[in-house]
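You will see two complexes here that share subunit A, one where it goes with subunit B and one where it goes with subunit C.
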Partner chain A sequence: MRGNYAQTRRRQHAAPWLFLAPSLCGVTLFVLAPFAETVRRSFCDTLGRRAVGLANYQSVLQNAAFRLAVRNTVRFTAVCVPLLLGLSLLLALALRSRPLRGTRWAQRYRTTFLLPMAIPVASIALLWQVLFAQNGLLNTLLGTHCDFLGSDAAFWVLIATYVWKNAGYTSVLWSGGLDAIPKELYEAAAVDGAGAVRQFTAVTLPQLCPTLAGTGILSLLNTGKVFREAYLVAGAYPPQSIYLLQHLFNNWFLALDLPRLCAAAVLVALATLAGLAGLRVGKR
Partner chain B sequence: MKKWFLLPFAALVWAPLWLLATAAVTGSAELQLTWGPALAGKGQAAWTLLPSWPTLQPILQLLLDTPEYFAAFWNTCAQVFPQMAGQLTVGAPAAWALSRLRFRGRRALQALYLILMLLPFQVTMVPAYLTLNTLGLMDTAWAVVLPGAFSTFPVFLMQRGFDTVPLPLLEAAAIDGAGPWQQFWRIGLPVGTPGVLAAMTVSFLDAWNALEQPMVFLPTPLRWPLSLYLTNMTGQDLALTMAASLFMLLPAVLIFAFGQPYLEQGILAGAVKG
Partner chain C sequence: MKRGIRAFLCTLLAASLAACGAAPAGTTQSGTVGEPAGQEAMGRWVESTVDLNGREVLGGPMLRADGTLVLYTGEYDLDAMTTGSLMRLTSADNGETWTEEDTGWGELVGGPVLQVLEAADGTACLTCVTQRLDDRGQNEYGTYLVQPGGQPEPLQFDGVENGEVSATAAAFCGDALVFVVSNYPAQDVTCELVRYDLADKTTTVLPLDLDTSYGAMVQPAAAGDKLLFTAYGDNGVKLVSLDPQTGAVADVLDPLSAAISSALTADESGAVYYPSNQGIYRLAAGGTLPEQIVPADATNLSVESNYPHSICRAANGDFLVAQLNMGDETQTVYRYHYDESLPTHAATTLNIWALEDSATARAAVTVYKQQHPEVDVKFTVALQEDAADPAAARNDALTQLNTQLLAGEGPDVLLLDGVDYETYVQKGILADLSGAVPLDELQQNLVAAFAPDGKAYVLPARFSIPVLAGDDGTLDGLDSLAALQQAVLDAAPRADFGDESPDYYDGLPDGEKYALGLTDAENMADFLLPVCAGSILQGGALDADALRETLTFVQAVADYYGMGAYTLEHNVAATQSWSGADPVTVDAPMGEYTYCNRALYGWAQLDTPYAALVVARNGDPMSAEAQKIPFSIIRRPGLTDGAYTPKVLVGVNAASQNLEQAQALAATFFGRDVQGNYYNDGMTVRADCLAEKLDAVLHSESYDPGVFTGDLHALLDGCTTPVAVPAVLRDSFVQHANALIAGDETVDEAAAGMERELSLYLAEQQ
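Right after this comes the complex of A and B.
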């Protein structure tokens, strides 16, 4: 009996690793191991044989296109994540407010706003061009003659498309957090004489903090996919205002400029890690 | 009154879909007249609520006389479904272990998976390329399928679904003699199904929409999926392109309609935990 017990214990110790093994193997093969090689190559010449020290990093950091792409990517993230979080919170609150709450209309709206996440970029690529071109439908509607896709306006078209695509999904995430706030808190606040605005700032916002982490992470994750929308808005050769890191990486990839590509990948990875560490410290 | 005030925003969703649907049944001559100016840069594009001469001609031409379209459609399927099957068979057990099993190194692995999920494609494309190139898989469907199958994003979503399985239930099963595998197969999967389906829905939409992966890993246009084929279909017949756009949209909307309840459930289950 004792031997049997020990065997069971051993099996229980091995179990998690057996469950994880296929996934870990794949991740090691396609990300972790080659990432080590990426780091090594970032210090080497094109053939990956001779060490060149920090020359690749220097070349990347001095590259004007790289700086532009970093600036645009940072600017984009800094504008659209807060904008998306705020607007989708408003949307979630609107869908839960009194006359709408729990009605068929609320569900219809929810479906409507979730729908854009299902619309493939390629399906609306041509439509977007027709809508936003200088002689396009939007200009016809507004009676203007603005080149939305060729100028700095392209940046805002990109932001609008991003919010359009993700607002529904993010508002459902918020909605989960709003559901988790105990009703008693609102009742207590009402007894203390707090109005709707005061209830929102004193109860809703602080109670939403745990949800903010999850929602923020998923929003951030989706900004990484914004290249698709940029491609949708402007194709492979976008105006300067929406030239993103992914465009630059594609160009260097086509040119098979591996040393610079590796150095840039390491830099972006470091920046992502630093950002995450910053968020963690901020949370504490 | 209040239920109407969101309508203008809803219109922002429905108007493009309406334009897409009506354009697909408009003849190319008429479309050239109304939308042509926007692309040609001469004259001014015009709005039409309904086509004056509705016709199925573009759709028929697409379905009966455009072999490239079918090739691209097939490429998409060959890249999306194996990838999803991989995510399911590899990701679900991993998510189960990270969510419900206690072992040393669990927190570190959770952190690792989260970081891998958040790394932008620019970072992971270089390592993936190095491996694919070594294995000689570049420019094949595997180049898109394999890195996607081991993506940690579905693991993250499924993990949140499995978090809802009560631990006492598993302890009771263990006392009754159920091994780790039985606990996963008999309790975890049935109870965690909404989370798994939510993850699969998101994965499908993501893979159906994939652009940067095929762009980098598939240099030959013959192997391009629909997403890439369509975005490069410029200069072709407008009406035909719109019909193709509509037919690319339909599977995504169907899967979305099927997955939406799980999506809301799965998201909610995760969000409450924060």
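Right after this comes the complex of A and C.
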């Protein structure tokens, strides 16, 4: 009896793994194995044949370009992710608010909110050059002569690009989270005398925490994609304010500096994992 | 039941994954549809040369009705007005072997024969020069007809002078001999078709509606009852048909894909064959999509300096192409034979990679393949000429290359022009060439910088020198950038001047001449960076003083000239060439000194010492007989002593699977077969070839030590510092030079901007 039970349990445990096997193979082949190779290469020379210990990590941490890229990337992420989450939440709430709910404007917006994501990156780069160049449309309208793309102002142009591209998509995610909040909670809060603001802070925000986690991670991942616009507009060596980690990685790869590139990638991955672990601990 | 279903689904999933990676249906291991697996594909085009016994081709190979190939050669001397023996080469085996015989016609015609044309029945037409009028090819001609077995008889036309027609623009079409006649160099060029009926000897003249600008010759080929020829259209070379009965002209295909010359032939079905640098193509009668029949890879067709001027298709489908080497103006007839006994692909394939095309590389590949027919060589040009975004395309190309190299794969031979070759050396990507390339046979002052410890990981196969030319005595004291800047400010300012200026050839009095032809930021970059970049970026650091001095020159000259107000562009370039010498191209900056007589100095990249014969200016640019003004050439003053520009930088991938063959291929670049020829991309680096070139220049009939007072030996021996301009430096320099010229920035602001932009580049390398 006991043997049959153990055998049954083993079979039950084996079945999920068999179904997961193809997906696991793909993840191993295309994600885990390359990452393992990256870690290995971070301890080797250019061709990956000779081990050099921690020399690459030391070189990366001492490199001024890496430090600048990290600073800019952290700064960019720290500014644009909260900004995006906040703006897109406001947008989602606005579209659900009584004055706008069911209006034609809200409907039109819902049919076009993903358009910014669908516009090709090269088109955006061209448009940005027309708008933000020294003799571009914005300077003409404002009567200024600021080189938006060639100075520190490029940082804010990049922020605006990121928010504009992702606001619609993120507002959809927020809308999904808002829809999932049971109406009974609002009714109960109203019965208890809670006003709109109190309902928002006591019901809406806490119920949106799971959505916040998902949109936060997606927004964080999307910060990496803004490199495409930055590269097309400003090239491999942009103004220092928008010199991101991807620029450094791209240039190091072109310079065959794979060991340092791998070391930097490992450091970034460790930092990200540490951050996520810290959030998890904090949540507990 | 559930267990069974689970097991079935798992098995199904596993089985579906197992099918991944199998070859698609219909293909075999050889990759050729329909071939049984394991059988090697056979058949390959093989190139060989026809031995002309040291004579010139007079026209091109032709096919007779009986399948015999015929070719005429001679040793014409336009100065002595002789042809020597006019030889006829015939081949009964589709060009494999040839029999030579003296036609005896050389003594019977009025002068050196230029072209012989033959009909399928053996009737021949030849044109010779009967009188030289000037040096520009404006001569008098005589055209003769030779019946099979007969002697040359002057053609008698009704209403047309014999001297007006030429076999160079003629074809046998049916029972007629058809000429296309142009009255170039008349102001209003007109064309006529002259049809000479061979049977009744009558002449018909018809007007032709042809655009033959600049005297472009029409070289027709018979295709049935029509004539076909190529001409330059708005979209490139186009195929045009000409009805010899009515004179009607009509476009057949515009553009004719890959066509570059007038060489054309047709078969009985009306299909057209034409050669190009990409191969030999066939256009079916009525078709619009040419197909490639013979690939140009690893053949002399692919060498850009080879111009195919005639093609003939043999009875068995082989091709003969007469090509002119525009470098040394030698003619060669190549035979392309499809050999079914050879495997389609050689056992070994070597890959060469380059960002841009290289005539020297293609020549090296051709020589290597002739020496090693068992090895295939594939030449990959990573950047296309029409790339919409060259910077992004370059980035993608290098990313792809580096991915392969870092994975331990990649091409066998690398041409590192436009790439930071020092990075590839430092990272251990390249193999040592010192064992394969005879370093001691190369010019030592050029090679020393690339082989400091006897090992060479990258070597330039060509080089050029940034130079300054000026009247004898005026270049003294110009030994620094500051001195040059002062010379500019001491001379008159340059007015807005360009291609469309009405006074283009008028010249300026000596007192009104400006120093240098500099017009915009790109010009400034071309002028300054080859002699300053090595000092601006040195040892991984930026020299702020050198940068400031360079930008000060830009500002000083731009302000003095009023460059920001320029509206005219000057892009005119002229190429001079003559038999046995390298063609010399005089670009606009040198032209403002040489033929415009407006600048005190001209500047250029010296690609050949033959420039010493060409750059001299005339007292009167509109007169060829005017006295030449003594001049000299010096290395352009700058911040880097002994600066020269290395080109065709050859490296071998250390991880190559065929390392020995790759090194042998790299060595071919430096062999006499390649280095002894000129391909418009720089001077030879072999000491013996360079010495021979200098000797040829100094002993050339055109060389006058009274005119060229410089020292070519010193100029070449003084090249010690290779300067390759990094793209990031050039881009930043051009951007800030533009701002300086426009007055948007001061020197300090421009220098600070460049330092900021380059600081990232330098920081990444630390």
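Here, the second predicted complex is superposed on the first by the 250 of 284 C-alpha atoms of A that agree within 3 Å, B and C clash if a C-alpha of one lies under 4 Å from a C-alpha of the other, contacts with A are read in each partner's own complex, and residues count from 1 in each chain.
By our rule, a residue touches a chain if its C-beta (ideal position, glycine included) is under 8 Å from a C-beta of that chain, and two chains touch if they have at least 3 such contacts.
Quick caveat: nothing in here was measured; it's all calculated off a predicted structure.
In the superposition on chain A, contact of A:15 is made with both subunit B and subunit C.
Touch criterion not met for A:199: it reaches neither subunit B nor subunit C. By the touch criterion stated above, A:77 is placed in contact with neither subunit B nor subunit C.
Of the two partner chains placed around the shared chain by superposition, subunit B is the only one that A:103 touches, whereas subunit C remains out of contact. In the superposition on chain A, A:235 makes contact with both subunit B and subunit C. In the superposed three-chain model, the partner touching more residues of subunit A is B, compared with the other of subunit B and subunit C.
Judged by the touch definition given at the top, the superposed model places A:47 against subunit C, while subunit B stays out of reach. Contacts of A:255 after superposition: subunit C is touched, whereas subunit B is not reached.
Residues 11, 15, 19, 22, 232, 235, 250, 253, 258 of subunit A lie in contact with subunit B in one complex and with subunit C in the other. Every residue of subunit C that touches subunit A in the complex is listed here, in rising order: 3, 6, 9-10, 13-14, 17, 391-392, 395, 398-399, 402, 405-406, 408, 420, 423-424, 427-429, 655, 728, 731-732, 756-758, 760-761, 763-766. Residues of subunit B touching subunit A in their complex: 1-3, 5-6, 9-10, 12-14, 16-17, 19-20, 23, 35, 37-47, 89-91, 93-94, 96-98, 101-103, 106, 109, 114-131, 146-147, 149-150, 152-153, 155, 179-181, 184, 205-206, 208-209, 211-212, 215-216, 226-231, 233-234, 238, 241-242, 245-246, 248-249, 252-253, 255-256, 260, 263-264, 267-274.
Residues 8, 11-13, 15-17, 19-20, 22-24, 26-27, 29-35, 37-38, 91, 94-95, 97-100, 103, 105, 109-127, 129-131, 133-137, 139-141, 164, 169, 172-177, 179-180, 210-211, 213-215, 217, 220-221, 224-225, 227-228, 231-232, 235, 245-246, 249-250, 253, 258, 261-262, 264-265, 268-269, 272-273, 276 of subunit A touch subunit B in their complex. Remark: subunit A residues 11, 15, 18-19, 21-22, 25, 45-48, 63-65, 68, 232, 235-237, 240, 243, 248, 250-258 touch subunit C in the complex.
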